[in-house]
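Chain naming follows the written order as A, B, C, D and E, and within any one chain the residues start at number 1.
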Amino acid sequence: MTADLLIAAALVGLLAAAAGAVAPERLRAEVVSVLTVVASGCGLAVALGVLRSGRAAVVHTGRLLPLGGLSLRLDRFGALFVAVSAVVAISAMIFRLGYESHALSSRTASCVLPLFVTALILVPAAASVTTFLFVWELMAITSLLLVLVDHRRRSEVAAAAQWYAVMTQFGAAALLVALVLLATHADSQSFIAIAARSAGVPAWVRSTAFALAVVGFGSKAGMVPLHVWLPRAHPEAPGPVSALMSAAMVNLGIYGIIRVGDGLLGGGPAWWWLLLMGLGALSALFGALHAATSTDLKRLLAYSTTDNMGLVLLGIGASGLFASTGHPSLALVALVAALLHVVFHAVFKGSLFLSAGSIQQASGTRDLDRLGGLLQRMPVTGSLFLVGSAAIAALPPLCGFVSEWLLLQALLHGLPSSDLALAIALPVGVAVLALTGGLTALTFVKAAGIGLLGQPRRAQAVETREVRRSMWAGAGILATLCLVFGVAPFLILPAVLDAARTVTASHVLDPLVRGWHVGLAGAPGALAPGLLGLGLLASVVLTAGIRRALQRAAVRRTEAWGCGRELQTARMQYTATSFGEPLTRVFEDVLSPAHDLDVSHVAESRYYVEAATFHTSLEDAFERHGYRHAASALGWWGRLARRVPNGSVHRYLAFGLVALVVVLVVLG
Amino acid sequence: MTSAWPAPSVVAVSVLQVLGVVVGGPLLVGLMRKVRCRLEGRVGPPVHQPLLDLRKLARRERTRPDRASWIFSVVPVVLVATTLVIALVAPLLSTDPAFGWSADLFALIYLMLIGSVVLALGALDTGTAFGGMGASRAMTIGALSEPALLVAVLALSIPAHSSNVPTIVARSLAHPAWLATPQRLLSLVAFLIVIVAESGRLPVDNPSTHLELTMIHEAMILEYAGADLALIKLGESMRLIVLLALFADLFVPWGIATAPGVGHVVVGVVAIGAKVAALGVALAAFEVAVAKLRLFRVPELLAGAFVLAVLAVISALVVP
Amino acid sequence: MVLDMILALPLLGGAGFVAWRNQAAGWIAVAVNGVALALGVWVAIRAVGNAPLSGAEGLLRADALSAFMVVVIGTIALLASWIGVRTMAVEVAGGRCTPRRATTYGVLVQAFVAAMLLAVLAANVGVLWVAVEATTIITVFLVGHRRTRGALEASWKYLVICSVGIALAFFGTVLVYLCALHAGGHSASALDWTSLMARARHLDPSVLRLGFALIVLGYGTKVGLVPLHSWLPDAHSQAPAPVSALMSGVLLTVAFYAILRFKAVTDAALGPGFSRTLLVVVALASLAVAASLLLTQRDYKRMLAYHSIEHMGLIALGAAAGIPLAIAGVLLHIFGHGLAKSVLFLTSGEIMAAEGTSRIDGVHALLARRPTLGGVFGIGLVALLGLPPFSLFSSELLMARAEFQAGLGWAAVVALVAMVVIFVAVVGHARHMLLGAPSTPETLAPPPAWVATPLVMGLIACGLIGIFAWPLSGLLEAAAHVVTP
Amino acid sequence: MQEAAGRNRGSLQLRHVDAGSCNGCELEITSMSSPVYDVERFGIRLEASPRHVDGLLVTGPVTRNMADPLRRTFEAVPQPRVVVAVGDCALDCGVFAGAYGVQGSVCDVMPVDLAIPGCPPHPATIISALRGLAGT
Amino acid sequence: MSSAYSSTLTLAAGAVLICAVVVLWVTSTRSMLIVVATQGTALGCVAMTLGVHVGDAGLIATAAVELAVKGLAIPVLIDRAAGGALDRERRPLVNVPASLVASAALIVLAFTAARGVATFVGATSGALVPVGVATLLVGFLVLVSRRRPIFQMVGLLLVDNGIALVAFLCTAGVPFLIEVGVSLDVLLAVVVLMVLAQRLRSEFGDLDLDELRELHD
C-alpha cells in the first residue's frame, strides 16, 4: 500500500512536470502547483504511514536505470525526511500559486519544479547506490535549473549558479567515490547489504568512505568550508525555490551523513565524529557571524542555514562520539536532538524564506538597508516573519528552543567524563551553541527589526502592499507548525525517536520522557514547553489587563522624539549595516571588512567637503582565501597547458614518435 | 511531576515569589540608588522612590510614535510577562516551587532573552536613530554575554547532572563542599559580569546618563511614556532582582526553604531578601567606584567572562 | 543478406545525390539511413541470444557488439543527414558552397557512413583496418569542405596524423597476423575475428604485446587518445557541423571498437593486466590533456572536441576495467556520448551559422536571444557533463562501479578529479555563452521546427536510454560478453 | 499646582530646555543636584527623554531658533504636563527683551504653570517651588 | 639458390633502409623522388624475391601491384603535385647532420626493439625485420623534422614502406584482398595529400608546414 503511494507520488510528480511542459501559460502555475501538492501529499502519506507502522515501503524494478535497477526502500528514518520535504513542498506550492514570476512560469521552470520536488521526496527512499546517485543528481540539476530562472534579470544569478554547479558536482564526485567504494567492498550496491557487510570492510575503506561522504553531503548541507555556494544560490533562487532548497534540500545532506555514518557504516571511531563536530562548530560560528553581518535578507537567511546545519552536525558528531565511547543512550538523545533540529529548521526556515519571498515580491528588493515599516503595510506576512524569526532565535515557546535545549541536555549529560575527547568536545559544543544562539538572536532582531519595523527607508517601500492570500497561507502553514511543535513537541518527538532508532539500529530503552514534556528519562527536571507557553500567555494577558485597567485613555500617536529637530527623516534610522557594525568591529579579524571612503572637496577649498561616499563590504573569508586561489591556480595551469599544442603539425607528430619510441623501448 | 509539597504551601510560595519580585524589584533599584547617593555624599531619594515613580507613571498618558506598529505597544507587556513566569517557576524562596521541575536554567535564560529581544524590536520600531543605536548595542552585548552565561551555567550543571535549578540548588545544599570549588568561583565571577552587562549597569552601561549618544539601554526606551514606561521600568527591575536572586540561590543557597512550613518559608523570605540586598549594595558600591567602559572595550570584558566560564567548565571536569 | 543491405543502403543514398542533385536527394539519404537504422535494430534484436549473422560470403559478420555499433552509427547518421539537408541548403543559399560541392558532400557523407558500417560489420580485422583507413580518406574532404585556410590546415593535419596513426595500427595488425599464423592459422582466415579468438591462447605473448601496444597507439589516434590526439580539435572545429557530429559521435568510437576487439584477443592471450595498464595510461593522459586544455578554451567547437577526448579517455578507462559490467558501461557511454555530442555539434553549427563566430566570448545570452538553440545547447551540455536523467550519468556510474570492482578505483578517482575540473571549465564557458540579458533587445528567428525536432529528439533519446533499461540492457550485456571472457 | 501635586505624590521628573539662556540659570539648576541641595531626595529628577517626564523646566528668553524645538519638546511630553519657567528671562525676557533673535518669553510660546523668578534664582528657591509641584 | 635468395633479400631490404636515410640527406624534390622510386622498387623486389622463394602466386601478384604503385605511380603523382617547381627543403626543423645522427640512434633502437620479433620469425626474412622497423622510424623522423608538404608526404610513404617491408618479411604479406585494400588506401592517401598540397600552395603560396599554425587553442 505504502509502496503504491510512493510510486504514485513519483508518477504524479512526473505528470506535473509533463503538465508544466504542455499547459498553456495562463493555467500553468495553477496546474503545476496543484499536481505537485498532490504528489507531495502522496509523499507525506507514505512517510506518515511508514512512520506509524514501521514497515518500510519497498519498490524494486530492473526495468529502469540500465544495469543498475531502480531500488527504493523507505524506512522510518527516510520517512522523516520525506515528511519534512513534503510539508515544505506543499507550503511552497501553495505559496507559488500567488507568486508572480514570469520566469518561474516559463515552460522549462514549470517542468523542472515538480521534478525537483519529486527528487526531494525520492532521495531518502533510494536504497541502492545507483538509485541514490541518480535521484541525488537529479535533485542537483533540477535545483540548479531553478536557481537559473532569473538569470536574465540579475547578473548575480549566473555567478551564483556557477558556484552552485561546481560545488554540487564536486560533492557528487566525492559521494560517488564513497558509495561505490563501499558497494565494491560489500560486493553489493544495495544499502541493506552494505549495512550488513560493512563491519567486515577494511578500516581505511570505512574511514575514506565516511570522510568523502562528509565532504559530499556536507557541501549540500552548506557545511563550512564547502558552503560558499549556499549564500549565493539560495538568495538568487525565486521565493518558493529558495524555501525548498534551504528548508528541504539541505536536510538531505544531513540525511546522507547519518545514513552513511550510522546506517551503512554502523558508527565508527571517535575521530570521525570529532571531525564532524569540529566542522559543525566551524559552520555554526561562521554562518552565524556572517548572518549577523549580512544586509541582504535572503543571504542572511542562507547563512543562517549554514549556521543551523552546523548545529545539526554538532549534534550528529556528539551522537557518534557518545556511541563510540559507550554512551548509547546519550547517543540516541543527541541524534534525536539533531534530527529534531532538522525538522524544526525546515519549518521555520521554510516560513522565513517564503515570507522573504513575499517581501521581495511586494517591495521589489531584499536589501534590508532599503526596507522598513513593512509590518504595517504587510501585516500578515510581517507577523509570519516575526514568528519565524522568534522560532529561529530559539525563543520559547516556539519550536527552535526545544531542539536546542535537547541538544544542550545531551551535551550536558555527557559530562563530567573521563574520556578526553568528550571532556574537550562537549564544553566546546556548548560554547558554540551559546555563541551562535546569541548571534542568531541579534541576526533576527536585525532582520525583523530593520525589515519590518520603523519607517520605510526608501520611497518604493511606502507603496508596498500585502501579498495575495495563497502566498501568506503557504508561509502560514509553516509558521503555525513552528508554534504547534514548539508548544507540543510530543506530536513529533516519538516519530523522530523511531527514525533515529531505525538508522542506528539502537536497542536503548526509551531515553526520553513521554508526554507533554521533554526531558531525559531518569534525569530530574524537564522542559515543559506547553506549560511555558500557557504561562507566558496567561501572564501577558494579565499584564496587559493591568495596564488597561490603569490607563484607559487611548494611546496618543505623536511624532517620534528627535531632540526637537524639525527634520526627522527615515534616513536617520539605523540600517542593517549600521546595526551589525559593532559586531563587525568586534570580529574584525575574522570578517576583515573592506572599507572604502571616498571624499571629494569643493573646488575653492579643501576644507569643505562636497560629497563623501562610504562603502563597506564583507567578503567570505573562505571564498577570498581559498576558492579564489584555487580558481586562479586552475587558470594559470590552463594558460600554461595551452602553450603546448601550438598548432605545429611537427610537434603533434613528435608526440607520436616519442610514444612509439617508448613503446619500442619498453616492449622490445 | 507534581510538587512534593502540600498545595497551600506551594501556592503561598508562588504568590510570595511573584509579589516579592514585583515589589522587591523597584525596592532593590531604590536601595541601590540610595547606596549610590550615600557614597556620593548625598541623602538621596527614599528607598521606595521607584515605587512612587511607578505609581505616578502608571496613570500617565501613553504615547506611540506615529510610524510604530503594534509591536511597540506589546513590548512592555511581554517584558514584564516573561519575568513574571520566571518569578513563578524559579526556586527563589523554596527548593520546590510550583512547576519547579520545569525551572530549567537554560529555559530561564532563554525566557530572559525574550525580554531583551522584544525590547530591541520595540526600539527599532520607533524608527529613530536612537532606537536603532540602542538596539544594536544592546543586542551586540547580549550576543556576546549569552555564551559566557550558558557556559557558566554548564559549569554549575555538571556536578549536579542537571540543568534544573531546584535540583542544582538542592544538591549544592547537600554538598556544601561544591560551593568552594574553583569552578564555582570562576563561574561566579563570569556570572556576575554577565549580570552587570545584561542589566545595563556600570561599567557596561550607565543607567542614569542623559547623553543619548552614550546610551545603550536607555536609548531603547526613550519613546515609552506613561503606563508603558512604568511596565518597562518594572520589568527591568524585576529582571535585575531575578538575576540577583538566581545568583544568590546558585552560589549562596543557604536559607532557602527546603521543606514546607511557615517557619521555613519565613526564613527563606528573609534569607533571599538579605542576600539580594547585600548583592545590590555591593553592586551599587562597585558602580560608584568604576567608570563606564568605552563601548568597544565591553566585548573584552565579556570575552574575559567567557574565558572564566570555560575555565570553570574545565576545572569542573578536572575537579569533579 | 541483411548485412549487405545495411552496407549498401547508405551507398544508395550517396548515389541519390549524384542522380538528383537537389534537396530531395538529402531527404532520400535521410530515409535510406532511417531504413538502415531499422535494419540495424532488427539485427540487434536478433543478435541477442542467437548466433551471429553473416553476409557477403563470410566477409561480414554481426554479433551483438557489431549490431550495437550499427544501431549507434545508424542513429547518428540519421540525425546528421537530417541536419545535413539544412546545413547544405543554408550554405548553398549563402553562396559559400556551389551545388556541385554540395553533391560531393552528400556522396562523401554517405560513403563515410558506409565505411563506418563496414568497419563494424567486417569479420576480418584486416578489412576493419581498411575500412577505418577509408573513413580517414573520405573525411579529409569533408573536413576541408569549406575550403577556407583553416579547413585546409585542419584537413592536412588530420590526414597526416591519422595516416601515421593508422599505419601504426596496420603494423600492429601485421604482428597479430604473424602470431596467428604461427599459432596455426590459415593465411586467408587468420585475421578473422572468430579464428583469432579461437587461437588466442596460443598466440605468442611478446609479439602480441608489441602488436597490441601499436594497435592502441594507432587506432588510438583515430579515437582521439593521447599522444596522437592533436588532429581532433582542429578537424572537428573546421568540419561542417553534420560531419563533426558524425566524426565525434561515431567515428571515434568505431575506432575504439577496433581496440575493443583486439583487447579481447590480447586479454585471452596475456591476461587482462597488460591491456589494462596500457589503456589506463592513455586514458588518464587523455583525461589530463582534455582537462588542462578545456580550462581556458576560447572556441566552443574546440571545447566540444576536447570534451570528446575526455569521453574517449573515460571509455578507455572503462574498457581497461574489462569486466562485463565495464564493457556494458562503455557501450552505453558510446551510445549516449554519440547522441549528446552529435546533437551538440549540430546545434553549435546552427549557432555558428546564426552568430557568425565560434568564439566563446563572441556569443552571449543565447538562452535569452535564441531560446531554442541555447536551450538545446545547454541541455546537451548537461547531458555531456554526465548529469541525470541522461544516459551518460548511468554509463559513467556503471564504469566507475566496474573500475572499482576491477581494482582500478584509484584511476577512477583520478578520472573523477579530471571530470570535476572539466565540469568547472565547461560550466564557466557555458555561463558566458548562455546566460545573462541580451545587450540589445533583438528578435531573432528561431530555427524551423524540422531542424529543432531531431535535435530535441536526440536529447530525449539520450535521456530515455539512460532511464529505461529494457530495450538496451539485454543487448548491452550480450555485446559485452562478446569481448569479455 | 495642587492638582499636579496630587497627581505626582512624591515623584517629579522634568526635562530641562535651555531656550536661549545666558547659562546663569543652568549653573543654579546644576547645583540643585549637588550634595548641598540634593534635589533627588524629594523625588525630583531631570530626565533625558521628554516622554519620561511630567513637564518642562525652561530657562532663558525664547530665541527664534529655539521656539520651534521648545514647542516640539512640549508636544512630546505626555499629558497632563506642566511647564516651569525658571529665571527672569524665561518670565519676561529680562535684559534681552526686544533683542534681535529673541521671540519672547516662555509664556508667549506656551502656557506656563509655574514661574520661578530670579536672575538667576537661588537653587533653594527652585527646589522649594518644585517641591510644591512634586507634592513633597 | 638459398644463398642467392638470402643475399637478394638482404640487398633489397637494405636498399629500402638506405633510401630512407638518403631521404633525410637530400634537400631537393627531384632527387628525393628518385630515392622514393628506388625504395618502392626495392620493396617490390623484396616481395618478388619472397614470392619466388615461396612459390606463392598471390605474393608475386602483390609484388607486381607494389612495384606498380610504389615504384611508379606514387613518384609520378608526387612529381605532378610538385608541379615541376623546384621545391627545396631549405631549413629542416632538425638539420641534416643532426637528423642523420638521430636516424642512426633510431636504427639502433629498431634493431634492439625488433629482436624479439626477429627471433620469433626466424630465418633470413626474420633477421631483416628490424630493417623494416628502422625504415618506419626514419620515416617518422622525416615527418617530424621536414617542413615542406612534399617531404611530409614522403615521410608518410617511408612509414608505409617500412611497415610493408615488415609485413612481407614476417608473414609473406597479408592476404591478397587486404593487401589490395591497403595499397589502394595508400595510393588514395597520397592522391588526397597531393590534392591538399596543391590547394595549400594556391591558398598560402610558398609554404612551410611549420607556419601552418592558425588553428590552436
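The rule we apply is simple: a residue touches a chain if its C-beta (ideal position, glycine included) is under 8 Å from a C-beta of that chain, and two chains touch if they have at least 3 such contacts.
Everything numeric here is computed off the predicted structure, so don't read it as measured data.
Here the two chains linked by the largest count of contacting C-beta pairs are A-B. Set against the Cα centre of chain E, the chain with the most distant centre is D. The distance from the centre of chain D to the centre of chain E, each centre being the mean of the chain's C-alpha atoms, comes to 117 Å. One finds 96 Å separating the Cα centroids of chain C and chain D.
Chain geometry summary: the mean Cα position of chain B and that of chain E are 100 Å apart. Remark: chain A and chain E have CA centroids separated by 68 Å (rounded to whole angstrom). Residue positions 156-157, 160, 164, 206, 210, 233, 293, 296 of chain C are each in touch with at least two other chains. Counting partner chains per residue, chain D has residues 49, 51, 76, 78-79 touching two or more of them.
Listed for chain E are residues 116, 140, 143, 152, 209, 212, 214-215, 217, each touching two or more other chains.
Applying the touch definition to all chain combinations yields A-B, A-C, A-D, A-E, B-D, C-E.
Those residues of chain A lying in contact with chain B across their complex are 292, 372-373, 375-376, 382, 386, 390, 393-396, 401, 405, 408-409, 412-413, 415-417, 423, 427, 430-431, 433-435, 437-439, 441-442, 445-446, 448-450, 452-455, 517, 523-528, 531-532, 535-536, 539-540, 542-544, 547, 550-551, 553, 555-563, 568, 570, 572-575, 578-583, 585-586.
Per the touch definition, chain A reaches chain C in the complex via residues 62-69, 108, 129-130, 133-135, 137-138, 140-141, 148, 151-153, 155, 157-159, 161-162, 165-166, 169-170, 173, 176-177, 180-181, 183-184, 189, 634-635, 637-639, 641-642, 645, 649, 651-653, 655-656, 658-660, 663-664, 667-668.
By the touch criterion stated above, chain A contacts chain E in their complex at residues 642, 645-650, 653-654, 656-657, 660-661, 664-665, 667-668. Listing the residues of chain E that touch chain C in their complex gives 116-117, 120-121, 136, 140, 143, 149, 152, 156, 159-160, 163, 166-167, 170-172, 174-175, 177-178, 181-182, 185, 188-189, 192-193, 196, 199-200, 203-204, 209, 212, 214-215, 217. Those residues of chain D that touch chain A in the shared complex are 17, 49-51, 68-70, 72-73, 75-76, 78-79.
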